[in-house]
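Shared between the two complexes below is subunit A, which pairs with subunit B and subunit C, respectively.
Then we have the complex of A and B:
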C-alpha cells in the first residue's frame, strides 16, 4: 500500500507539474505575442498583408453568418418578449432584455464561437502545415521571428475583426428586432431608438467591446498555439485543430463568466 | 485575380470604417439620449434621514423630471447630504428661495424628490449651493415667509376615496349582477320561470315522481322477495313443504297414477256426453230441412262479423271439423240411421192409417213440425 500511494502521488505530482508547465508555456507564448505587437506597428508594412487577409477572411467573410444569426436572435427575443411581457404590464422591458441578451451577453460569445469555428481552425491548420513544410524553420533560418511575422498579424486581425463583428452583431440584432417589432406592434423608429438608447448604457458598450477584444485575443492565441504544436506528421494537424476548438470554447466560456462577474461587481 | 483578393485592402478598410462608424454613432446616440454631453448644474440639500432616497432617483418639478440625485452621504453632523444635478434645460426653474421636499406615498405610488420654486428672485442660485429641505429650519422659515410657491395640496384622503369610489361602484354592480343571477337560478330550480332550463327542471321533477312510484313498486317486490326468501330459509315454510319429500307436488307425482285415472274417467264421461250431442245434432240436421236456408239467412248478416273476427272464424272451423269428425264415425252413422228409421216407422204408420198416402207426419216429442211428401221405402 505505501508503494502504491507513493506511485499515485508521484503520478499526480508529475501530472500537475506537467500541466502547470504547459500553462506557463502558453502564458509565455501569449506574452511573447504581446511583446511583439509594438514591433509590428514600428515595422509598419511588415506583415500588413497578412493582417489584411486575416481581417478579410475572419471579419468580412463572416459578416453574412453573423448578420443572419443576429437578426434571428433579435427577432426571437422580440417575438417572445412582446407576447409575454405585456401580459404583466412590463412591455417596456423588451428594450432591457434586448440589451442584456444581444449587447451584453450573447452577442460577444456567439460571435466568438462563429469566429473560432471558422477562423480558429483555419489558422491552426495553416500554421500546422507550415510547420510540416518546414516553413517555420526557414523563417527562423532567415532571421525572421515567426511570432512577429505570422502570429501578431493574425492576433491583431482576429481581435480587431472580433470587435467589429460584435458591433455588426449588435447593429443587426437590434435593427432586426425593430423590423420584427413592426409586425406585432408598429411604432416609429424614433420611439424604438429612444427606448433602446434609454435602456443601454456606456457600461454595456464597454463590457461588450471588452469581451469581444478578449475573445479575439483568446481565439488567436489558442489557434496559433495549437498550430505550432504540430511537429512531424500531417495527421497531427486535425488532431490539434480539434484540440484547439475544445480548449478554445472552454476558455471562451470561462472568460465570459469572469468578465460578466467583473461587470456586476 | 479574385475580386476580394484584389480589393482586399479596400474591402477591409470599408469594413473597419463602417464598423467603427456604427460604434461611434451608437455611442453618440446613447450619450445624447442619456445627456452625456449636456451641461448639468450641481446642488445639494440636507435631510434628517435617507429613508425614501436613492441614488439616481429623479427630481421633479410639476411632474417633469428636471434632474437626478447623484450621491447620498451621511455627514459628520449626522445629516444626510443629498447631491443632485439639474438639467440645463430646466435650470431656470431653480430660483432663489427654492426648497426640496421628499414626497412619499404609503401606497408606493408617486412620490420622489420634488422642487418647489421660490417666489422672489429669477436667477438660479450659484452652482454647488444649498437648496434647503422644506422640513429643515431654513425651509420652514421660507415657507412661513411665503417665499415658496407651494402647490395647492389636495386632501389625500379625499383623493384616496375618489380612487376607491369607482372600485366600490364596480363591486356594487358585480354584486347586483350576482344577485340577479342567483334569483334566476332559484326561479329555474323552483320551476316558476320559462325557458329550456325550466322545462328541463320540470321534466326532471316528473321523472323523479315516476321514479318514486317505481321505487315504491320495487320496494314491494323487494318485500315479496324478502318474504319468499324468508319462506325458503324457513325449514317449515311453504316452499320446502311444497318441494319436500312429503310435499304436495311430490305427492301428486307419486300417487300411483290415481290422479291420471281420475282424469281419464272424467274424459270418458265427457266423450259419452259428446256422443249424445252428436246424435242429437245429426237428428236435427236430417229432420230440419229449412234450417240450412234459415241458417244461410242468419249467416249472411254474420259474414262481416265472421270476417272481422278471427276468433269467430276459428270457432267455426273447429265446429266444422267437429262435425266432420262426427259424420265420419261409422258407428255414429249406424246409430243415427236406426234411430231415424224408428221415428219414420212410427210416423208413416200413423199417416197410412190416416189417409192411405205417403204422407208422414213428423212428430218429435212435441207439436207437429211438418210433413214429408213422397215414397218411403222404409214404410211397411
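Then we have the complex of A and C:
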C-alpha cells in the first residue's frame, strides 16, 4: 500500500475512533442523568426550585412565541388546503392534513426548535458560566453532584415543558386554522371539531407526545452536555452554545425521522 | 524533615487524611505539578507555602479531589477520589469543606441559599426551621445576618470570603481545605475565623491550607509544605521548617511571609509572634 494511502487510512481510523469515543461518552452522560433521576424525588426541596424555574423559563415564557407560530402555521395550512384541495374534489382531507402536519409532524419539531433556540442555548451559557466562575467546583466540594442538582431538574423541566408546549401548539395551531377557515368557508365550530376528531387517532396523539418527550430529553441532554464542555475561557461559552445548537438541531431532525418511520412500521 | 524532593514518604508517623501519589498536572504545555507525592497527616493542620504560581492551589484542588490529575493517585479519607464508588465519594464529600480563594459562591442564589443548599441536599429530612436556625447561627458569628437575602455580587470580597467559610463549615466537616482563607477579610473577621479554626483543630479536624498569612501559620500549622515550581521542596513540622538552614527554603518563606524578612531571626519572629510557639 502506498505510504500516502496508509497515512490517510491511519487518520481516518483515528478520527473514527475519536468520534466513537465521543459518542460513547455522550451516551454515558445521558445514562448518568437517568441514573440520578430517582435521587431528585428523594431531595425534592432542593431540586424543586430549579425545576420550577426551568419550567417557568422554558414553558411559560415561551407561550407567546409558540402561540404566534402555531396560529400562523395553522392559518397557512388552511389557506393552502382550502384553495387547492376543492379543485381536486378532496376538500374533506383538510382535517387529515391538519392532523398530520400540526399534530404529528410540525407541532413537536417546531416547538422543539423554539425551545432549543430559547432555552437550550440559555442552559449551555448558564452552565458554561458556572464552570468559568468555579461554581461547579463548589458543587463538587460540597458533595452536591452537579448532574443531580443542575442537570436532572433541567432535564425534567425541559421534557415536561416540551410536552405541555406541544399540546399548547396543537391547540393554537388547530384553533388558528379554524379562524382562518371562517374567511373562506364559514362553518360552525362543532362541525370543525367533529371533522378533526374524526381525523385524529390515538396513534397520532401517542406519536406526538412521544416525540415531544424525546425531543425535550434530547434538548436538555445536549445543552447541558455542551455547557460542561466549557473549560477555562469565556470565549468557549459562545463556541459551545453554537455547537450545542448545531448538534441539537441535527439530532432533533434525525430523531424526528426515526420516530416518523417507527410510526409507519 | 524531608527536603528538596517532590515526595514526603517519611511523613511524620500518623495516618494520612489525604494521600497523593506521583501527581502530575499539565495545563496545556505547562507542567503545574511535577510528580508530587505527599501524605497529609490525619487530625493535623498542614499549610502549603510557596511563591505565586508554584502550584499550591493546584495541589490543594487535587488533594480535595476537585481537579483530576493527569497522572497519579488521590486517596481522601481512605476513598479513591478518582475511581471510588459514587456513594463512598458522596459520603466522603459530606464530611469535607472547601474555602475557595475567590469564594466560589453560587452567583444566582442568595447568600442564604448558598448556605442552605448543602444542608437541604444532604439532609432532606431536616425541616426548614432547623435549617434556618443553623444558618442564622453561623451568619451571626460574623455579623452577616442582614446580608443573607442578597446575592454574592452585591457583597465585598471579604464578606464573600466569610460566607464561603461559613458554607465550608455548615456541614461540620472533619476535613477542611482552605485556599487563602483570610485574603480580603478584615482583622475582626480573621480573628473570628481563627477562633473557629482553633476550635475545629482541637476537635480533631484535619486541615490542609494554602496561605501567605503569618498569623494563621503561627496559630494553626502543625506541618508546613514548601513548594517551588510545581515541586514539593520541604515537608516538616512548623518548627523544623521555620528553623531550616536551607537558603532556598528560607528565601521562599521570607518571600511568602514578609518581604522584609531577610535574615535568620525574621522568619522565626514572624511565625512566633508571642514567643510561645516552640
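The rule is short, and it goes like this: the second predicted complex is superposed on the first by the 263 of 265 C-alpha atoms of A that agree within 3 Å, B and C clash if a C-alpha of one lies under 4 Å from a C-alpha of the other, contacts with A are read in each partner's own complex, and residues count from 1 in each chain.
In this section, contacts are C-beta pairs under 8 Å (C-beta built on N, C-alpha and C of every residue); 3 or more make two chains touch, one makes a residue touch a chain.
Small disclaimer: the values here were computed from a predicted structure and weren't measured.
A.B. asks: Mind checking subunit B and subunit C on superposed subunit A, clash or fit?
C.D. replies: Aligned through their shared chain, the two binders fit side by side on subunit A.
A.B. asks: Write the angle, vertex at the C-alpha centre of subunit A, between the C-alpha centres of subunit B and subunit C, to the nearest 10 degrees.
C.D. replies: After superposition on chain A, the angle is 150 degrees.
A.B. asks: Where does A:149 make contact in the superposed view: on subunit B (first), on subunit C (second), on both, or on neither?
C.D. replies: Second partner only.
A.B. asks: Considering only touches as defined above, state whether A:160 meets subunit B (first), subunit C (second), both or neither.
C.D. replies: first
A.B. asks: Where does A:171 make contact in the superposed view: on subunit B (first), on subunit C (second), on both, or on neither?
C.D. replies: A:171: touches subunit B, not subunit C.
A.B. asks: Is A:205 contacted by the first partner subunit B, the second partner subunit C, both or neither?
C.D. replies: In the superposed model, A:205 contacts subunit B only, not subunit C.
A.B. asks: Go through the superposed model and pick first if A:55 touches only subunit B, second if only subunit C, both, or neither.
C.D. replies: first
A.B. asks: For A:194, select first, second, both or neither according to whether it touches subunit B, subunit C, the two together, or no partner.
C.D. replies: first
A.B. asks: Please give the least Cα distance, whole angstrom, that subunit B and subunit C reach in the superposed model.
C.D. replies: Between subunit B and subunit C, the minimum C-alpha distance equals 12 Å.
A.B. asks: Provide the residue numbers of subunit B that touch subunit A in the complex, in ascending order.
C.D. replies: 4-5, 8-9, 11-12, 15-16, 19-20, 22-23, 26-27, 29-34, 36
A.B. asks: Note which residues of subunit A are touching subunit B in the complex, please.
C.D. replies: Residue list for subunit A touching subunit B: 52-53, 55-56, 59-61, 63, 160, 163-164, 167-168, 170-171, 193-194, 197-198, 200-202, 205, 209.
A.B. asks: Provide the residue numbers of subunit A that touch subunit C in the complex, in ascending order.
C.D. replies: Residues in contact with subunit C: 42-46, 126, 130, 133-135, 137-145, 149.
A.B. asks: For the complex, give me every residue of subunit C touching subunit A.
C.D. replies: Touch list, subunit C to subunit A: 61, 64-66, 86, 90, 92-94, 96-98, 100, 102, 104-108, 117-118, 120-122, 124, 167-168, 171, 177.
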